[in-house]
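You will see two complexes here that share chain A, one where it goes with chain B and one where it goes with chain C.
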Partner chain A sequence: MRLQLALLSLRRHRSRTLLAALGVAVSGAMLLDMVMLATGMRESFASLLGRNRFTIRVSPRGTLPFDSEATITNAADAATAIARVSTVTTVAPVLGATLHVLDAGEPVTAFALGVDPRVQGDYELLGGRHPTDPNELVASDALLARLSARLGDTLDVAVGFDPQLGTFAGRRRLLIVGRARFLFLSAGDRAAALQLSTVQAMGGVGRRDRVSLFMVRTAPGADVEAAQAAIERAVPRVTALSIAGAVAEAENRLSYFRQLAFILGAVSLIVGFLLVTTMMTVSVNERIGEIAVMRAIGVSRLHVVHQIVLEGVAISLAGAAVGLVLGIGTARYLNSILRSFPGLPDAIDFFLFQPDSALRAIGLLVMSGIAAGIYPAWRAASLPVAATLREEAVG
Partner chain B sequence: MPPSASAERTIAIDERLAADVGLRIGDRVVLATEPGAQRGDTVSIAAIVKRRADPSEVARSDYRIRMHLDHLQRLTGYGDRVDRFSLQTAPDASVDSVVTRVNAAAFGFRAYPSRAIAVETSKTFLVVRRFHRAIGIITIVASATFLLCIMLLKVDERRRDVAAMRLMGVSRATVVRSVLLEASFVALLGSLFGVALGLVTAWFVNTHYQSVYRTPLRFAIVTTETVAISVVLSLLLGIGAGALAARRLARTPPLALFGR
Partner chain C sequence: MNASPLVSARDVHRDYALAGAAVHAVRGVSLDVAAGEYLAVVGPSGCGKSTLLNLLGAIDRPTRGTVTIGGTEVSALPDREATRFRLTKIGFVFQRFYLLPVLSARENVELPMAEAGVAQSERRRRAVELLGYVGLAPRADHRPSELSGGEQQRVAIARALANRPSLLLADEPTGELDAQTGGEVIRLFDRLNGDGVTVIVVTHDEQLAAAARRVIHMLDGRVVRDEPLLRRA
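Then we have the complex of A and B:
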């Protein structure tokens, strides 16, 4: 009955109701986008880091993985020491280098990763097989396309370019045995993965027995923080970083987006609230006489309040439903813009749709709709009935 | 002129490092190129420098130290090498021809004009700019809807006044003009309030992010152009919304406006 009366009242001013719902929809879309932005990057980054179940990254002390050119010396000893930590199950070494492919007329540069193919967690094979021989490599599609090369081709590659002498520290002919998607690089990045020993040997003295980082797996259910501390105790020249630590560091660097999301989300909520409040206030002012009549014939104050609040909730719900669709559309567009950040890993999303985030946004919007209706409803229901009826009849 | 090898070398550190570690001018520190290295160079701090307002460094929390070139070359074992040279050309010189001549004459390195490097390094900020523009467009759409809704409600509130005016013989055009005038006034007042709010917000944003990222960089700048664009835009939106609402009102028969 109350809902029916509320809907009838809204239908009486269709264009006004439609416009208010549209306003709430735009605010709701913005709110949803901002909730998605606030949580999306953290979730997608954590999910990327957690892929392949590597829980700890070990980099040269005081640095973040691949944030500088620093390397871990005496890598073999460090790997053994890390593997001795009781909860550690796998240690995957990684050494980064710039690879020069000399077959093409103009040398083509690519990012090379020296890995242990049996335990690596940096790439996923799209075709072919892992580089099981020291003279083999797997390449990203972008590198293969740039070189017009395919599986089975041999490349003349070099590492350790000295620009002043125009020489390389090491040069080899390597066979392309696989196509790979590099998890921590963008789709357009030219990259290749080789055996760790190959990159170390080609890099010359400066790369001998060195790695850029270790990726470490711990036993399921093991205390990651304790393992992290144990690694740092076992190898004092390294910094061990858990997924939570890496996510916190990334969040710190990109805190701008989280704070922007918070501010714009709050503004959207306030705009939606103001819109429904204004709409309900005007609507109630117009119907003061009608409300006084309802009260005079015995309709309870609570009934009047319920009916007006229901109108606000109905507008908010209708707006939220449209806003949900609108929000997902705009989030995709905004995500496509932010994903064009240079060097951003392909798997990172800034806007991530999560049902609980959507529910949270809709819940906030409906709550603001309820709050927006309460004051005008209570004011209308509290008017002196006789005086209002007399004023309305005369006026 | 580098000092003699026996003299203790001096370095400059940035104010962030000085504040975090509690270092002061005259303090002596040990520099090493490897984390946890057993040996290093003992140097004294000769200066504490302010960081530049460089957007490319803003999200990085690195510490910076500045030292003499020969000192760094020796410490890192880099030999007689540098990462790059920065060249200053005469005011009337053609940068492109200088770059061409350097590239033709030199062996083992390549020259780039500063503007080419600026384009390459500013890609991140171009993405941020595109994102801000997209957010701006969404905000404009939201404001337009909000404004239209408010104008419609404002005009609806005056249904009886307008009906009375029409019944007294006031023309439709006069009614439309009066509503438009009111809309323009509301939009102008709103714009002025918005500009004031924008200035306060920009101050708050700058203060907050300068302290978060510890940089002198200005994150939000309110320019005359920005103010002009926002005032004109909100006036246009306000007048447009008012015109739509006024047209609707003027077309409704006066008795219908009275609810009869």
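Then we have the complex of A and C:
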């Protein structure tokens, strides 16, 4: 009967209850968004790095992958040394370069990745096939669109340009054999993947037997930290970075995002709490005579406390349910805006919906609903019954 | 009067502060009410009638003195036990009815039974029975706002009887009713008393006071006259 009374009491002032629940919904949506933002980037980044189960990135010593133009020399030897580490199962080399497509009236530049198509983890095929021949490439949709090219077309490309002479070096004609989504590039980036040997050969002496990084897979359950250390011992001229290390590095660089999310989340929680407290306090003040009579006829303090707290929780739960939908909708919209920033990997999400995060946000809201009901409930339960009845009779 | 009264007040005082000044609402009242009695407490406004009723009903605690009901010194009970005592042993009727507006008449009557842990089917049966007793069975599913003042007061009386109390306390039960509906309530109290319920009413209503078997007069917090066993013809 307590729950029934609580719900009926809320229904008594429908528009006020609705407005309070909507207020909680807005604050809940913001809280959920902030929780999604606080955890989303980290999880999304970790998920991106962990895609295809590559657990370690190996880059030139003292650098982060593609942080600079630096390359690893004697790449073949390095790859062999890394592959000898007992827990390493796959070594995927990657060499980055600027690709100039010369077919169009004006040269079009794109980002080229030299990879081993059999083990690469940089792109996902959307159509066609991998470049199995040295004179083949796969291209991003943005590049194909820019060139008005299709699968089966041949492109005149180069990887070197001398600005003084205005000439291109390392020219080749390459056949487009696939369409691909490049995981570490944004959707609008023009990009192509070629065989590693092709990029090395087109790059001339400066790129011969060099790679920008190795992506390394370790055996399932293997100690990644130990493998990382073993790689650095085997190839002293490299830095090995595990996913955890990369995520920590990214978190360090984006810590202000988390702080902002934490502060805004806390503010929205406090706003929701104050909203419910205010509404419940007003409601209790209006019903002070009824409550005094309930106490007089033998209704326990505990019943009164339960009823008021249940009312607060009911508002919070209703608000949380609406806030969940609102929060997810808002997060998707904000995510689409943020993801359109240039240079961000297509696979990165700022707001990542995770059931755990949603439950955590709803749990926080419900807890704040309980806490919000405590003061008015205490006020209602500690009414001096006789004095209140006397005042009500006079009033 | 029985050797062992149902309600016994001994040298009861109740002082409280009002706007910074001490108010001596009840000053040394001693009173015995036997089981089955029908007592009216009358007196001018502010003479301490309602305060005395609250003390007799364990709603309030005396500043000094004792109140005993059915052998239990209710004035010494901690809040939790006093609340339970009120729930199971005393029925209250108030001037302003104070039904919960969100509940139907039947649900209002069920409330004290639910609080006392009576099973739902049993409390529903008894609520309907009690509403029948006060003549409101057809209005059981109506909300208080759909009932007249007299009907609301009769629902409040049914609620007061829900847990079969031995004592019914009423504070100006006809105060907000016209003469006709007030008369219905008076007849109902009379019937209740006839069925063995001990009734104490605080009232300004001469008709209601005249229906009681005993009337005490209060003035300035004291009992100034006690007219016992005024049986009507």
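Heads up, the rule we're going with is that the second predicted complex is superposed on the first by the 394 of 395 C-alpha atoms of A that agree within 3 Å, B and C clash if a C-alpha of one lies under 4 Å from a C-alpha of the other, contacts with A are read in each partner's own complex, and residues count from 1 in each chain.
We take it that a residue touches a chain if its C-beta (ideal position, glycine included) is under 8 Å from a C-beta of that chain, and two chains touch if they have at least 3 such contacts.
If you're wondering where the values come from, they're calculated on a predicted model, not measured in any experiment.
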{"item": "Overlay on chain A: chain C relative to chain B, clash or fit", "value": "fit"}
{"item": "Which of chain B and chain C A:Ser27 touches, first, second, both or neither", "value": "first"}
{"item": "First, second, both or neither for A:Gly289, with chain B first and chain C second", "value": "second"}
{"item": "Which of chain B and chain C A:Val299 touches, first, second, both or neither", "value": "second"}
{"item": "Which of chain B and chain C A:Arg237 touches, first, second, both or neither", "value": "first"}
{"item": "Which superposed partner A:Leu389 touches (first chain B, second chain C, both, neither)", "value": "second"}
{"item": "Partner with the higher number of touched chain A residues, chain C or chain B", "value": "B"}
{"item": "Superposition-derived angle with apex at the Cα centre of chain A and sides reaching chain B and chain C, degrees in steps of 10", "value": "90"}
{"item": "Contacts of A:Val205 with chain B and chain C, given as first, second, both or neither", "value": "neither"}
{"item": "First, second, both or neither for A:Ser9, with chain B first and chain C second", "value": "second"}
{"item": "Superposed arrangement (fit on chain A Cα atoms) - minimum chain B/chain C Cα distance in Å", "value": "11"}
{"item": "In the complex with chain B, residue positions of chain A that touch it", "value": "13, 15-16, 19-20, 22-23, 26-27, 29-30, 33, 60-63, 70, 73, 162-166, 236-238, 252-256, 264, 268, 271, 274-275, 278-279, 282, 285-286, 330, 333-334, 337-338, 340-342"}
{"item": "Chain A contact footprint on chain B (complex, rising order)", "value": "34-36, 59-61, 81, 107-109, 123-124, 127, 130-131, 134-135, 138-139, 141-142, 145-146, 148-150, 152-153, 156-157, 209, 212, 248"}
{"item": "Complex interface listing, chain C residues touching chain A", "value": "16, 50-51, 54, 57, 59-60, 79-80, 83-88, 90-92, 94-96, 98, 100-103, 107, 110-112, 114-116, 159-160, 163, 171"}
{"item": "Chain C contact footprint on chain A (complex, rising order)", "value": "1, 5, 8-9, 11-12, 289-290, 293-301, 303, 385-387, 389-390, 392-393"}
